[in-house]
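Both complexes shown next keep chain A, but they swap its partner, so chain B is in the first and chain C is in the second.
Up next, the complex of A and B:
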């Protein structure tokens, strides 16, 4: 391998440096029909799962075909998407806020040819490269994170569990038979990058063991006060300890107060806490971001722990599938999962979903926890009441 | 022949959903063949070693990336996420595996020429793996070495006229829904303001000057397709002030079954014939609609613009003509103090170039939060600590009932001294003259 210079001169780093130019303008990339009719759309229809048509006031139509992706993509697969866009869409394509690809055309004949082409493209292992779907009252792509592919604080993987859940949910990606859209998100730790705190179903990696404190190095590689301040429960305090006869600055973690959020490790490399035995997944449900009918909602913890079971996470996928099936059967048209659970009451939700309720689901974090308990004699008798 | 055995990951090649394992394997093979004869600037077997280290993580159920990593390009304090493998001898191809965040065009529209330009750089100087896109919006180039960072940046800026995205305690890369480009609900041009503000605040984006991260997101309407209310410190959500426009003929067409409700979003199941009263009128959260003698009417003064009726009948019902946006602040994930959705600050603000009214709100918030925010304290937490009233004060916003879901239930009320006749000074002597000890 020989080094190939881009023209950058490391001995004069600031020479010829271009900065603060920002992104390319979106206007550089509009398909002509979009450019022409922007801001003048009349209505839209979903022709079939994954296929939309937008009709402009001018009468112009644009047909959109939405395809799932695994977000983590090779340049080869992206080039393949570019070939498709060149062949059918005049070289234009776009990505959605849930990491699907959308190809746009202006006539139905081209659209049908493109759909046939997209459906025929598969990986050697048999999975679709560009499955069509993700529209209407179904399950679209899973917003997810880095997991074991790139991150240093995860308690679970991202790409793997997402693949397993989407395999299990695939019929819902390619159909529109649910009461409302159902959004699934995954975050591999409590930082919750992405949307797990506001999704119909949120998959979150959690730890269950307090951090190790590497006393011999901590003062050299950590800003100790930052590690102390990183703790939401005040479990960490500075201390002095003896290492090989020498007094060094360190911290002490009160295991009774620690709930394994990992924020101290984010700030301090000498406090690792990942554990193959202890780590796993918490399942949350009932969040939404839209203002449709009800206000936006947070997702709530309904399963406090599911073990990591690479490579296929069977318990996780089974549990999610079951929740989705019960919701599909029980909820009213237009009712999001959270709206349904609140209407029937959470005790009923646990009963109809057959989920075990454990004390872990009861909020105990600071003053607001009180507002999640039941200040009322209104409840339904379910199998939980002995 | 693959470099590492990956029995666990191989299981993820099965099933219908696109397999990231199959894709990475293809890329590994492609690099091994190297038909284009590239002189790869990072190890040719980088994707092989990524699969190797991931297989080990699947075996151990623990990540194999070292903590943190501080790398970047001169002139900027962010944009690159450094990462080093904790088993570099076993997997030298990913000993360095840094991520480069590249600022995406608003709305994520591309042409193939541009995408190929990015791919060509990445083929030669990176792993050949990407995320399309990161959760905040960036194009994510996944995996390269430190010496390549300046080279990649030089090519991005000089050849593709494209900048890095944000990372660290600064303004992160703004993002938006596709807005007016392909949606009849958009109340303003989300892409235009997203692009304009990204450019206006380049310095704040590239050089960390804040107590913590800060995000902008722009939703064209209350449906929230970019989830700004949950995923940005400063959320702009399109809305309107006047009447929903009703096309009565098209209402009739929906009732007659000529248009599918919700544009056909529920067509995979038989929900029966469209019932405008059950599905629209009775589902309205404020019950401000009525349907009598084949005519739909809406009491605008009681409509909260939740979008439900427009979503169900997009051809018949249109957003108003007096459009603008609502500004909400303080959304964040749980760490440290608990998750927050954004709280409503400005009920209605016009969205017109050059966006001076909106920028004034932003800059007033920044002036306050940059001074008062603690280290690693998100805006939402500063609001909780100092009070919503403080946010109103610094943004010169008058308190109105719309700012609360409900008024406070406790009577622990602060008054300003000048609100109280005579101030806080007591006439102790006078008090004791009236009240003996």
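Up next, the complex of A and C:
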């Protein structure tokens, strides 16, 4: 395609340049009913899965219909969402912090018509474009990252596994039958972009092999001290090596100390470590961010390794489904997954979920590891360990 | 990667236009980058930043933190941006021949 200028002049890049204007004010996009009743909401109800009503002190009502999205979406799908918003919501819509879309209307009749319309929209392959759900004690959208779509440090994909897990969890997206909300998040490497460290179930990509040092180019394209300082276990040392008769700066990685976090690759492109067979997924459970009843919690590693099995990741989805089903059956009302596991004891959690406990789950990182061991005779005898 | 030819010199560069080898740096490289970075005239202040970046890199093996660059040259970050519109990383480091900045940038 021929070049079409936006008016930018590359020979005078600073001319007519607009900068530091920030995002548009959110108030510019309020539906009228939200603008009018802002700060004066009285109460809300969940009418059914995915549908909320907020009632204002003035008596005004706003009905919200929450729809799942794939987060990574085309302009055509966005245009379709805009078309729906134009048709029913006066052109207004919003996205939630878990990347669901919410359409808001002020009367029940329009709401019913919109729900029927939303439910009828499907992709050519058969999947729902705007499935309704994600409210109350169910499983809402999965917070996730870039994966093999765009990032250079992933150990697994993001969009792929998220689609597989949500397919398996779809009934929980469209219902509210769990003891409490259950948050699932995915990060494709240990950078943990997103919320895996504080989710009920966290899916994290991991490596199992140390990086390869590309000695011929490392001193040219890397700042070697940064690679050394990037290592949490001090496994990287600077060294001199001979390349084609010339002494050059490089590093050596002590494989005994390396735990394959990949931080050095983030800082230094000459230390790649991704591996088809080596890479896989860690499952973490029991995190939360709210302070309802118990304090916020980190999620904890319960499955040290699940292989990457594109395109459907069957072992991953099966394991998650099983954990969710056991939690749904065993936990008390309002109890988040982490609260349940802490109450019954982690040895019981492993037993009832049928998960194999391996030494990988025992913390061995610096002084704080000690506090995760059991300094008490309080424990339950469990059967699953042979 | 790509090879750039400019005023009789050739430079091995990556896709973002950073020198692949610090040793390839020369006056012609500064001339070449100047145009693509939106800099009309090289002032002594530009020189001061480039010289300091190179000295620091040779001595320490890393690019200086922005605070150190500011402190030593005496230029506030705002002024560094006036000198190098793309900023200290994409602009000044590229012109000085330092490796491409890494990490979550």
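Assorted remarks:
Quick note on the criterion: the second predicted complex is superposed on the first by the 383 of 386 C-alpha atoms of A that agree within 3 Å, B and C clash if a C-alpha of one lies under 4 Å from a C-alpha of the other, contacts with A are read in each partner's own complex, and residues count from 1 in each chain.
Criterion: contacts are C-beta pairs under 8 Å (C-beta built on N, C-alpha and C of every residue); 3 or more make two chains touch, one makes a residue touch a chain.
Values in this document were obtained by computation on a predicted structure and should not be read as measured data.
One of chain B and chain C touches more residues of chain A, and that partner is B.
In the superposition on chain A, contact is made by A:249 with chain C only, not with chain B.
Once the two complexes are laid over each other on the shared chain, residue contacts for A:378 go to neither chain B nor chain C.
When the two complexes are overlaid on their common chain A, residue A:82 makes contact with chain B while staying clear of chain C. In the superposed model, A:13 makes contact with both chain B and chain C.
After overlaying the two complexes on the shared chain, residue contacts for A:276 are found with chain B alone; chain C is out of touch. Touch criterion met: A:226 reaches chain B and chain C at once.
In the superposition on chain A, contact of A:191 is made with both chain B and chain C.
Residues 13-14, 191, 226, 269 of chain A contact both chain B in one complex and chain C in the other.
Taken in their complex, chain C has these residues touching chain A: 14, 20-22, 38, 57, 60-63, 85, 99-100, 102-104. Partner chain C is touched in their complex by these residues of chain A: 12-14, 191, 217, 220-226, 249, 266-269.
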